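Structures incoming, each one as structure tokens.
Look at the two complexes coming up: subunit A is in both, with subunit B in one and subunit C in the other.
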Partner chain A sequence: MGIGKKTSKNAFVFGLVLLILILLAAAPLYASLYTVILLTSILMYVTIAVSWTLFSGPTGYISLASAAFFGAGIYTSAIVGRTFPLPLVIVLGALVSFCLAILVGSLTLRLKGIYFVMFTFGLVELLLHFILWWEVNITGTTGRVVPAVANTTVFYTMLMILVLLMLTAFFIRHSRFGLALQSVGENEEAASHSGVHVTALKIIIYGVSALFMGAAGASMAARWTYIDPTIAFNPLISFMPVLMAIFGGIRPLYGPLIGAAIFTYLEQFLITRFPYYYMLIFGIIMVVAILYMPDGLIGLAQRVWQKSSRRKHADT
Partner chain B sequence: MPILEGRGVTRYFGGLAAVFEVDFEVEQGEVFGLIGPNGAGKTTLFNLISAALAPKSGSIKFRGKEITGLKPYQICRMGVARTFQTVKVFSNMPVFDNVLLGAFFGRRDSMTGAKARKETTALLEFVDLANAIAVPAKDLTLANQKRLEVARALATGPELLLLDEMMEGLNPTEVSRAMALVKSIQERGITVIMIEHVMRAIMNVCGRIMVLHHGAKIAEGTPREISASKKVIEVYFGERTDA
Partner chain C sequence: MMITILNIVISGLLLGGIYAVTAVGLSLQYGVARVLNVGHGEFIMLGAFITWSCFTLLGINPLLSLVICGPVLFIVGFVLYRTLFTRMRISSPTPGAFEGNSMLACFGLLFIIQNVAILIWGADIKRYSYLAFSVDVWGAKFAANRLITLGFALVICLVFYVFLAGTRLGKAIRAAAQDPDAAGLMGVRINRVLAVCFGLGALMAGLGGALISMCYEIQPTMGLEYTMIALIVIVLGGLGSIPGSLIGGLILGLIGSIVTHIEPGLSLVAYYVIFMVLLLAKPTGILGR
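Presenting the complex of A and B:
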């Protein structure tokens, strides 16, 4: 079964992740402020993409509600950011997103395929307009100010959230729940007849995925300083994790991580070099990626690796 | 007390009675055959027992306890496992993981990882798939996918196993192996209900047989009684006409 090979590969990945973490944690010491800010936004997208993959990867339920969960975190921070200390604000943002996902999950996770996709996307618009209406008609405000937080603080909070997320994702993937999630993606009926409480499992993992998006939103809120519902609930945030995960490769845990990192960097690079054509170039890269890398960058790398190792064997 | 008992079990699809007022009793330890022409309601009855569908009326009792209204995962944890007419293996998952899932989730009391793995290994040996544990389930032959489904069902520790057309589409050698498997499952003390079209298997393996036709029970008895029943022969071959 190649268990030994699998463990040594896992150990390698783990070591690599640790090395990257140490380099990242020390980044504010040696890198410029611009780099730290860029890294923060990479961490943010990586967190969203990995959270998204946590649920949608194995189950195949394509959720477009990421912007709603991320936005719920941002908006929580906008409401209570002045009253509570930052860690509490982040915990609250995470909890609000979690509860929202549990609620939405219990309503919609019976839907399948395109109906689920459409509903989750509708949720983003619904929340945006509901909060807009609420702020205008009930509280009479149109924007809120979030207390500014130092860039390095945001960077470190994002890093911590990502580490917690990766640990959670790793634990779930290698536990019986990961196995159950995968079986749900393969065949829901067979899973339920094998004793899996499919509905509860889906709702809880959907909640956990939203929890981290909410935490990310709450800690990133400080970056915008001024927040209104259209800023908090940006529909683009719903599509980015899907594209990033596909770009990187959905199956392994580090696929969306690498995808999101390269994607965000690429976006920054193109936007500064080719401000007029960057969307065009970006679109072309995306189309090529989907056409020629069905399993993402990771899949491509594995194929190249296999081919070269096969050639090596053929030579000997 | 019978291990499974149905009284007046009824289910409609639109205006059509798929299963109508069916009574049955399955005794502990027997292999109970369920036969009938296509569309007779055999699989629907399985779906009603395993809670994939809810009956419109009637009651189904497992070990004297009413099980209608429960969810499939609850039925499974109570000790009723099933396989599917069209195989539903977890195609992209390794054979081992397919079975491990049943061991982890299908039991009343949850198992430790080590124990579940041991159980899985033993069951894969039992169904003769021990040399294919790392293969994705989709790469197995149909006969082996069906055996894998049996192993997954057995991993949930059932007292009653529902086999839905396990022999369909298998060649004669594979049918013989499947028959031997059913017999060894019975030897483990597990009660089996099997839907089958392969008469050789039904007649050799089952202790009693129930015949469904247009959703209703038309006969029940030993294989010998069933093969001699005029009513059953009419259903299968049409009415005899004296020309």
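Presenting the complex of A and C:
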């Protein structure tokens, strides 16, 4: 590929991203309220799926703690939402998740493979049951009322969080940091011999990925007018982003984005009509995706594209 | 005082017996077939609902339906392994990749089984009453069905252990657990043995589910909790160790019963704390290699 072709391709991608951003940012002006709410939940899942991939994609550690980080954000927002302005609440939610992830990361990132998976999922259940017990026995009230925020405000905060996340992910990937992370995923021992601080690196990226999940949780908290631990720490929030990312494709940055967008749309479309069939279809797609689409939708598209272009060359 | 302690110990054992049966199945699936079956609880749920249907619709004695549940779930597990996991195991580049992928596929299975069950049986809580009279054990009272459950749980675990230790197939399974490739070279039909292991794991889950349905309320979404408890037990006993799962199950039951006696709402919290401390401090468990 020539240099000229590459710059023109980059310019095209940049233009496309800008166009989508403008269309999204203007959505509340031309779209119905229902569409704005739908877009908000798409942004939410995209944010969680991309944050998950930020850590788990290159390192290969499957973290099932997303629900814990997202829930920490929701709970922070429910506790301090009335006393502080929204931007501060979101920053606080992000910080709480970040600290939680740093703590969990420094405890667990020595654990290998399946132990790490079990620990992270145990964390979600532990927080859920502990807070549930705490609320019943210590404070004597289950659940909290979340201060209401306008739907468009939530939409814009989610959009901003996602843009920040994508920029962060882009810069991490195109820096020495990202290369080091990639090498950790390929071979931890080799990376550490080459002078990469493996554990510190993993902990920091884990924290950054949780930071965005917490921010998303804090800004989405207003979506539920009432929350309790079973809503805030819903285990589905741990599983869904993993599947969405795998379905879309983990390698490119936009893979989880596309996977999450498609799935959330499907969810909104199906869940009101056939709730159980939705989860059933979800499970079937999950199994099929893992069996037949190791590189996700993006990988599949690339393979089909390569095949068809090869055929074109063969014809001429 | 003595009565209270006795009470706590016996209720702990009653709880632990059920934990042990369900954990032994998961331990076999992970320890040998290398599939961390997060849908294990769904197989337990299936066992419970099959038993419930047999009892309420056909009037079959729940203890008799152990003989129905077991084989049915064995076939389900065996076929699932042959259709899904054999292919995945061969195409995965490393054993680690297979563990990750198969676990994620099990999440898919979890959703499929759970929602099929909701479509068949509805989402409501179900229960039936079987041998629900109380029996006096040295001054403490226990429901007869729970005592019978403990007896059957111990017998099932014992039979299972003898099967693994004493039969030719059991030997093949233990060989496959140590090194699948070497076992294959020694003439063990490895794909079939691994599928049998996964099937046996499902069978144990089914038996556990049948026992659970005799004492507790059941519903299609009950699976995850039992999966988590089984996971905690196999980590406690050592991943892949069958006697470890039995002992781990009984210990966890005792802990649960003690914590419930002190502070009723905290038993699940205690389980997870133990789980996470174990993962950090001694991930190989009490009987692990």
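FYI, the second predicted complex is superposed on the first by the 297 of 316 C-alpha atoms of A that agree within 3 Å, B and C clash if a C-alpha of one lies under 4 Å from a C-alpha of the other, contacts with A are read in each partner's own complex, and residues count from 1 in each chain.
Operating definition for what follows: contacts are C-beta pairs under 8 Å (C-beta built on N, C-alpha and C of every residue); 3 or more make two chains touch, one makes a residue touch a chain.
Note that the structure is a prediction, hence the values are computed from the model and not measured.
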Quick one: subunit B and subunit C on subunit A, clash or fit? fit
By the touch definition at the top of the document, which applies to A:Leu123: first (subunit B), second (subunit C), both, or neither? second
Contacts for A:Ile114 in the overlay, against subunit B (first) and subunit C (second): which applies, first, second, both or neither? second
Please name the chain, subunit B or subunit C, that touches the greater number of residues in subunit A. C
Based on the superposed arrangement, let me know which partner A:Phe239 touches: subunit B (first), subunit C (second), both, or neither? second
Per the contact definition in the header, classify A:Gln182: touching subunit B only (first), subunit C only (second), both, or neither. first
Taking the superposition on A as described, I'd like to know which of subunit B and subunit C A:Ile284 touches: first, second, both or neither. second
Just checking: does A:Ile250 make contact with subunit B only, subunit C only, both, or neither of them? Give me first, second, both or neither. neither
For the superposed arrangement, I'd like the angle with vertex at the C-alpha centre of subunit A and ends at subunit B and subunit C, nearest 10 degrees. 80
Of the partners subunit B and subunit C, which touch A:Trp133 in the superposed model: first, second, both, neither? second
In the superposition on the shared chain, how near does any CA atom of subunit B get to one of subunit C? Answer in angstrom. 12
Between subunit B and subunit C, which residues of subunit A are contacted by each of them? none
Could you please specify the touching residues of subunit C with respect to subunit A in the complex? 30, 36, 84, 87-88, 96, 99-101, 103-105, 107-116, 118-119, 224, 228, 231-232, 235, 263, 265-266, 268-269, 272-273, 275-276, 279-280, 283
Subunit A contacts subunit C in the complex at 60, 62, 107-108, 111, 113-115, 117-119, 121-123, 125-126, 129-130, 132-133, 136-137, 235, 239, 242-243, 246, 276-277, 279-280, 282-287, 290-291
Which positions of subunit B touch subunit A when the two form their complex? 50, 52, 71-73, 75-77, 81-82, 84, 88-94, 96-97, 100-102, 104-107, 113, 133-134, 152-153, 155-156
Applying the document's contact rule, which stretches of subunit A touch subunit B when the two form their complex? 1-2, 176, 179-180, 182-183, 186-187, 189-198
